[in-house]
Every structure is written in structure tokens, then in C-alpha cells.
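Some notes on the structure that comes next.
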Amino acid sequence: MTEYPTALGASSLEKITLLGQDLAGDVMGKVSFGELAFWLATQRRPAPGETRVFEAVLAALADHGFTPTAIVTRLTYLSAPDSIQGALAAGLLGGGSRFLGVTEDCGRFLHEVLAGAPLPADDEGWDALALETVKSRREAGKFIPGLGHHVHKDGDPRTPRLFEIAAEENLYGPHLSLFAAIGRVHPQVLGKTLPLNGAGVCGAALADLGLPLELLRGFALLARTAGLIGQLAEELRNPVANEIFLSVDLHNASVPPEPYGGSHG
Amino acid sequence: MTEYPTALGASSLEKITLLGQDLAGDVMGKVSFGELAFWLATQRRPAPGETRVFEAVLAALADHGFTPTAIVTRLTYLSAPDSIQGALAAGLLGGGSRFLGVTEDCGRFLHEVLAGAPLPADDEGWDALALETVKSRREAGKFIPGLGHHVHKDGDPRTPRLFEIAAEENLYGPHLSLFAAIGRVHPQVLGKTLPLNGAGVCGAALADLGLPLELLRGFALLARTAGLIGQLAEELRNPVANEIFLSVDLHNASVPPEPYGGSHG
Amino acid sequence: MTEYPTALGASSLEKITLLGQDLAGDVMGKVSFGELAFWLATQRRPAPGETRVFEAVLAALADHGFTPTAIVTRLTYLSAPDSIQGALAAGLLGGGSRFLGVTEDCGRFLHEVLAGAPLPADDEGWDALALETVKSRREAGKFIPGLGHHVHKDGDPRTPRLFEIAAEENLYGPHLSLFAAIGRVHPQVLGKTLPLNGAGVCGAALADLGLPLELLRGFALLARTAGLIGQLAEELRNPVANEIFLSVDLHNASVPPEPYGGSHG
Amino acid sequence: MTEYPTALGASSLEKITLLGQDLAGDVMGKVSFGELAFWLATQRRPAPGETRVFEAVLAALADHGFTPTAIVTRLTYLSAPDSIQGALAAGLLGGGSRFLGVTEDCGRFLHEVLAGAPLPADDEGWDALALETVKSRREAGKFIPGLGHHVHKDGDPRTPRLFEIAAEENLYGPHLSLFAAIGRVHPQVLGKTLPLNGAGVCGAALADLGLPLELLRGFALLARTAGLIGQLAEELRNPVANEIFLSVDLHNASVPPEPYGGSHG
């Protein structure tokens, strides 16, 4: 008979453990939610500074107003108010490559660059590595994940703040170092100055915390779950979803079908 | 032109605000994730004691091992590893009436009882209200949400702990009082002693915090999101989903169809 | 070792069966998709007339233009174009009590009335049963599911058509009979004439086909899956989701938070 | 004011149109569900032969027994029986790269090969193109989508059947031709004979029908929606989800946490 091992939740008649701890005695009332989320993902208890950087990232990603994910959650709640889980799940499903994916893409990208090069010893070294990186991406016709923002063209205020918090906690590691260097050198290659965006710096910071790269998007989704609950709470008190729906539905224009396909050959 | 008002995330060229705060300067590095989630849901900043009770609830609900939600997230990841958001969303969709719904059901139930009665002045008064409540539920052939547990038959360890934390923080309000009284008096009516379960006491505590009743299930889902990320992290390192799948698939027995229906008349 | 019995898909080295049939030889190329969907849900092969009524229902429910479900699918695709399954799933999650639920509610409602009364023998008998039903709903302060439509105030064109098709196929059973009678008599009680809507008549027709009442919403969702694929196909060729998103985002008005809660007592 | 054009569903006080047709008069009772799904996706009405091939594909993909998607739908229904839409959506979320993605991957792969080469005139020409294709994939260390099956090692019975149906309907186009040629020549390169699998041939057939390549996975999901409704119908009558859940939960083994990460540098 197969046994499925797990170090997460387990319970017996008298006791519940989580991560090997006594849930009631040692976790509840003693471990903050951010700390617990980190611990669950890594199976190691983070130091207070790690929790602070982690929670700063979650705050940065929790809610960005009327994003597609927020609109989707509100519309789904309008349509199926009996199922809060459906409204939240629908919103999270927008957390893919385009809107919430930058965090993961940036963390992975920085990690790949670092895996293929010796660690620079100083800022000059970082700048050289960054310069080479930006050049080779440009030659390959690829963007740098985390570079550029459609609103904060002169700088995303989250970026310097997260650099600062990581430095305060002594967690300014190679991913953040490389990302900062990219911010310094890219104008030499691209001929214009783009901001390092908040989603990108979050990916760099999470990677420096040693979190699993495959799950960086997951942390953005955790943050967004809190944001979407906020959206639902606001929708409950000041509903706008029906107006949004009607603004789309009433402005539609019925047009004749445009036949498609029939042959790809 | 319609305007959609929101007090959540907003941004301009130079600034990002969240809940009216400067996100970078006043939230990141200063507000814990649990505190932020509470704030987003209520648009008021919680006191430290409120955050502590809230985070104790989230810890109590984060992960319970190989629940249906955890299995679903792992199987969905097995099947569609390119979409972390899909694996998390699929798991959350199990957060309905049966497995994660007790928290909401219990909070709402207690609230309805309280809405129909004057607040008791002392334990004797609470016991009287609880007795009347249990009796009338029994006469109506209905269960009491939050009463009973299939594993922790002699008591759920989370329950006394959450009462204790709420008392320490001076947040032991009417919902917890009524729930505790139900725990004391129900054997007189039911003829047996059932435990007050952890999911139920969480609902009572969230209701005493003044959180929107419609969203109590949402907080259980927020907690579970962290737990499901933990499940995915473990699955990445020690995969079991394929074995689970095969244990079901290989033990299936093909049987002939059983025709159904044709008339309801 | 537990065996899980199933009469659905099964395969061996050389053969694949579905519903006890040889999939390749007896199903592919011989069974239409509507027929197969009916068969899967009931484990009995429908007669051609049953398939025709069933497919008429699916056609009636497949797409209603820019509904919340359609908008949600388009916005989710905008946000996560790498995950078609996520975009479709998000849209389906709007298929709850309000927008797609009428079909199920109406079928169940009619079924409950029929379960509590002897089958009328003629139109007069149906009218009497309907009159009593409408009166008792009205006294209970409840709506009649399937009665009324916000656009088709003078009559929903799908309703007479589905009555007609069911009659042609000799499948005009008790649920449709009761629904039709409600259409005839309700003005006597309500003092105004409301249309029998298309979602409602679909529920009645599905119930007359003997399909499981618990799954009536499921058939609406199956129909809508085809519609949502149509929405995605149109979005791919003539994208509007970004404009919809911007129309909401740009018209938002940042307002101060409104603190909520703190006490329910 | 923006107008959102659509050729799908539209309605006025008296009329409902779908794809420019009168829904009640010209679609209901006249257009089968498979035909309608094709029409919605392409905005052109398919010929009867196209519908037959399309429906054969849907039949081939509708249900494969206790797949992860089926287990997920059953477990989600167990956990949240109030939300059929959630159970179906959760199941569909497993329709990603691994289990349901082969159809799309194969269609796209064949299309890319065809886009880069002149159309061969005869079987010899197809074999040459296929040989070159298999060789270059092998050199690149990549698999051929649609080649190989873990159960049907001696041949997937759906594959010859779909070739046959397509030939009968005169819809055996370049994608199927290339796929068949790959089946003939790959042993020369790989040194072993692998079956052309059913999911792959479905992708080839859908591509030959001129359906949008971006949505091939969507058709697999449409087919699977019907299958998942079948799974739910069976679960309602012969429940197994709780046993599946318990078989996993009771066989788990609590193990100590294994700390992860801390540095990627």
C-alpha cells in the first residue's frame, strides 16, 4: 500500500501538527500569516528579516485597482453570488503570463543569467554582467523581464523601496544586484531609460530569499487573493459590477459573421 | 460617463496608493500581510490584537494535509504544470459548503441568533440563549454548524487555543460567547458531548472581529491559498500526484452502463 | 484494494470503450456530439427525438452576447493568454445562481410541484394546478423561476419554439405542461402578463427528457462552453478585451476608504 | 463611446440572433450541437462532412475514465456540492500541456512544418518531408507530438478510424497526410515503432478542418466538458469520491519538514 509522505498538516485524535509544529500551541497566536506562508513554501522557518522582505513583496502585489483580475472577480460574483470560491478562483485565473507573470519571469531570468556566470565581486562587475546580458537579449530580439512600465514611466516607486528594505535586512543578494545593475546600464544599449518595475523587483527579491522559482507566480497569486477579497468586500458595499457589465453589453454592436478558415494548407 | 469608485489600489505617474496610503512609503515594510488582508477587507486598519486573532484563524485553516482541495491542486498541477494559477484555482474551488464552508456557516448562524435576541449579561444568560438555540435547531431537525468533528472526537485543540487568544486580546465578543455556551449546554439537549470544532470557532472569532459575514469563507480560502502553495512546493520536491492518479486509475473496474431516467413524471 | 466502478471510458492494450461501446468502431463517426453528451449523462442512448430537443436546448443557451461570462473569458484570456483552459473555466464560474441558474431552478421547481400532486388529465387540470402553484408562491413572497425577462418583455422567442419542437418529438411532458399552464394563468394572480423565458423553458424540457435535476445547470454550462469558445475565437480575430479593461480602469475614481465593521454585536 | 462589435448572440425586444441567424426559427431544432460549436468558432456554417469529422474528434476526446481531470471534478463536487460550475471548472483546469494539450501541440507542430515547406504531391513526397521532420526533431532532442502512447503501444484504435472518417468525407488534408507519413517513416530514424496516438490525430484532423490553431485545446475541453458531466452523473448515482479521498488521506505518512532554499546564488 502506497504511503504519501507529507510534512504539512497532519492530525490525530488529540493533536494537530503543521510543519512538524504543534498547531495550537506553537503556531496559532505566535506565527504571522506571512511568516507561515513562507514556512509552508520552504519547510523552513524564515528569519524576521526574511518575513519582512516577503511581506513587503506581498504588499506590493496585493491590489492594483481595476485590473482584469479584479473586474473578473466582481463580474463572476455578480453572476454567481452563491460561490465566493468561484469568484476568487476566476480572478486568480487571470494571473498568467501577462499581468501577474512578470514576477516569475523576472526571477527566473535573473536566475538563469546568474547560473551561467561567476558571481561578480563589485558594482563594476555587476555592471559588466548586466551590460553583456542586456546586449545579448537585444541581439536575440527579446525583452528584459521587469524593465519598463506603462504608467510609471519615470520610475516605479515600489522598486527603490524594496531595494531599501532588502538592504536593511541584509537580504540584498545576487538577483537584486543584477537587477539593479540592469537598471543602471540598459540605457547604454537601448538608447533610452526605462524604469525597473515593481513586479520585476519583487521577483528578484523573492529569488534572493531562496523561494522556489517555479512558485514565484504563486506568491503573486497569494498576494492577489487578499486583494480580490478586498475587491469583493468593496463590491458588496458599493456594487459596480452590474454597471460594468451593462456598459459593455449596451455598447455592443451586432455585426455580420466573418467566416474563418476552411484551409490552413 | 460612469465612474467606478474604489478605495483600493490606484496609481499615477509618480505614486501608487493602496487604501489611501502611500504604498511604497507607508505600507511596504511596515504592514504585515495578515494586517493588510484585514485592512483590504474592511478598509480600516486593524489594531495589533485584531491582527493577532485574525492571523491565528488563518493559521488554523491554512492546511489540513491531504484534503480534497490539496489532492485537487496536486493532480491539476500534474496535468497542467504550465499553469500554477490553474492548480491553485482548482484547489480553491473545493472550498464550498462542505469542507471549508463551516467557518462561514458557523459565523452566520451565530450572527442570526444574536440578531434575534437581547445580549445576555452573564454566563447564565449565555447558557440560556444557547440552550434555547440548540433546542430549536434540534426541533427543526437541523445541525449546529461548528459542532462535532470526525477526527477530534474528544476536542479540537484549536478551539480552546483560539478562545484563549481572543480573550488575551480583549476580542472575546458575543459570537465566541454564544459558541462557548453552545459547547457547554448542548449535551443536555443532544444527550452526548460533541466537540466545538476549529472551523466553527474560526467563524465565531472572525465574526467578533467585525469582518463581513458574506466573506468569512473568503478568509478560509486566503488561508488555504498559502496551504496550497505549500502543497505545490512539496509536490515539486517529492511528487506523489502521479501515484495518486494511478492508484485510482488502476483500481477502476469497468462496469456496464446503468440507464437512468426517461421520466420524472 | 478498493475498485472504483465506472461505465464511462475504459481502455486496454487494443481497445477503448465508452459507455460499453467500442469507441472507434461504434461511436466515432456514428454518434453526434449532442447525442453523446446525453448518453454520458444518463448512460442510456437517447432516441433521435430526444437528441433533437436536447440540442435545441443547448442552442438556446450557447451564447447570449456580452454576458458577464463572456466578458470574464475575454478578460482572462487577455491577462493569461497561455491558458485557454483558465479562460474557459473562469467564464464557466459565472454560471451560478443568477445568470445560468434559471434553467436548473425552473426544472427543479416544476419537479417539486409535480411530486406533490396527481398528474392532471387535461388542460383544465393543468391550469388548476398552475393557479394553485402561482398563488402559493405569491403568498410565500417568492418568484416563479422562469417567469419574466428583462429584454423580451412581450415574449421570449425561444419559448414557443421549444414547446413546438418538444411537441413534434412527442416529448411534451408534465414539466412543459405545467410551465405552459403557468404562462396561461399567472396574470389572474399577478395582475400582469410576464413572458415565460427561454432559460426556464429549457429547464422544463430537460426535466421532461428525464435528465438528472442536479445537473441541469451542467447542461447550460456545456452549451456555454461552446459559446465561450466562440467568444475566444472572435477575441482572437477582433480583440476588444483590452478596450473593455481600459474603459473600466480609466473611469475609476479613487475615493477614501470607508471603514467597515468592528462590531456585529 | 466605444462599441464592441460581435457576430455572436444579440437580442432585441422581439428577436434573438446568433451568428446572424434567427435563433428560434433557424437554429433551434435545425442545427446540431456539434455543428453549432464549429459554427461559433469559425463564424461559418460547416458542411455535413466537416461536422462529422469534428464530432468524431469530440467523441474521441470526451472521456478517458479516471483521468486526473475526472478525479478532480469528482473530488471538487464532494467538497463543494453546491457548485456544479466549480466542479466542472476545476476539472477543465487540468486540461493543460500534459493531459489534454497533445491535440493542440500536434496540430500546431504539423502546421509549422507545413508552413515551411512546399506541399508534397504524393505519398513519396510526404514521406520525404516526414523523414526530414523526424530527423530534425531528433537532432534537436525534441519529441514528435502525437507519437507514442503509454497504453496503446501497438496502435491507438482511434487513429485509423479518424483517418478513415476524414477520407470518407474528403477532408484528409495536409495535416493528416503529414501525420500519417510520420507514422510510416519514424522507425527509420528512431529505431522503434511508436503508435500515432488519438489525441495527436485529433489535432491533425481539427487543423485540416481549418479551425483556429490557438483554440485546438479548446475543442478538447469542450469534449471533456461533456465527459465531466458524465463523471458527475455517475458520481451522483454511485459515489466514489469520498473513498478516493480517504484512500489518499489514510495512507499518508507524516514526515519531518525538509528545509529548502536560502540561497540560489
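In this document, chain identifiers A, B, C and D correspond to the written order of the chains, with residue numbering beginning at 1 in each.
We adopt the following convention: a contact is a pair of C-beta atoms (placed from the backbone, for glycine too) under 8 Å apart; a residue touches a chain by one contact, two chains touch by 3 or more.
This structure is a prediction, so every number in the text was calculated from the model and none was measured.
A.B. asks: Looking at the contacts, which chains touch subunit B and subunit C alike?
C.D. replies: A, D
A.B. asks: Which chain pair is joined by more contacting C-beta pairs, A-B or A-C?
C.D. replies: Result: the pair with more contacts is A-B.
A.B. asks: Could you please state the distance in Å, as a whole number, between where the Cα atoms of subunit A are centred and where those of subunit B are centred?
C.D. replies: 24
A.B. asks: Find the geometric centre of each of subunit A and subunit C from their Cα atoms only, then give the gap between the two centres in Å, rounded to an integer.
C.D. replies: Computed value for the inter-centroid distance: 37 Å.
A.B. asks: Mark out which residues of subunit A touch at least two other chains, giving numbers and ranges.
C.D. replies: 2, 4-7, 10, 42-43, 65-66, 80, 82-83, 85-86, 89-90, 93-96, 100, 212, 233, 244, 247-248, 252, 258, 260 - these are the residues of subunit A that touch more than one other chain.
A.B. asks: Given which chains touch which, is the overall layout a line, a ring, a star, complete, or other?
C.D. replies: It is complete, because no pair of chains fails to touch.
A.B. asks: Contact residues on subunit B for subunit C in the complex?
C.D. replies: Against subunit C, subunit B makes touches at 1-7, 10, 17, 19-20, 42-44, 80, 82-83, 85-86, 89, 93, 111, 114, 119, 173-175, 207-213, 248, 251-265.
A.B. asks: Can you name the residues of subunit A that touch subunit C in the complex?
C.D. replies: Against subunit C, the touching part of subunit A is residues 65-69, 71-72, 75-76, 78-83, 86-87, 89-90, 93-101, 233, 237, 241, 244-245, 247-249, 252, 258, 260.
A.B. asks: Can you list the subunit C residues touching subunit D in their complex?
C.D. replies: Result: residues 2, 4-16, 18, 22-25, 27-29, 31-34, 36-37, 40-43, 52, 54-56, 58-60, 62-66, 70, 83-86, 88-90, 92-96, 100, 151-158, 160-162, 164-165, 168, 198, 212, 214-215, 217-219, 221-223, 225-227, 229-234, 236, 238, 240, 243-244, 247 of subunit C touch subunit D.
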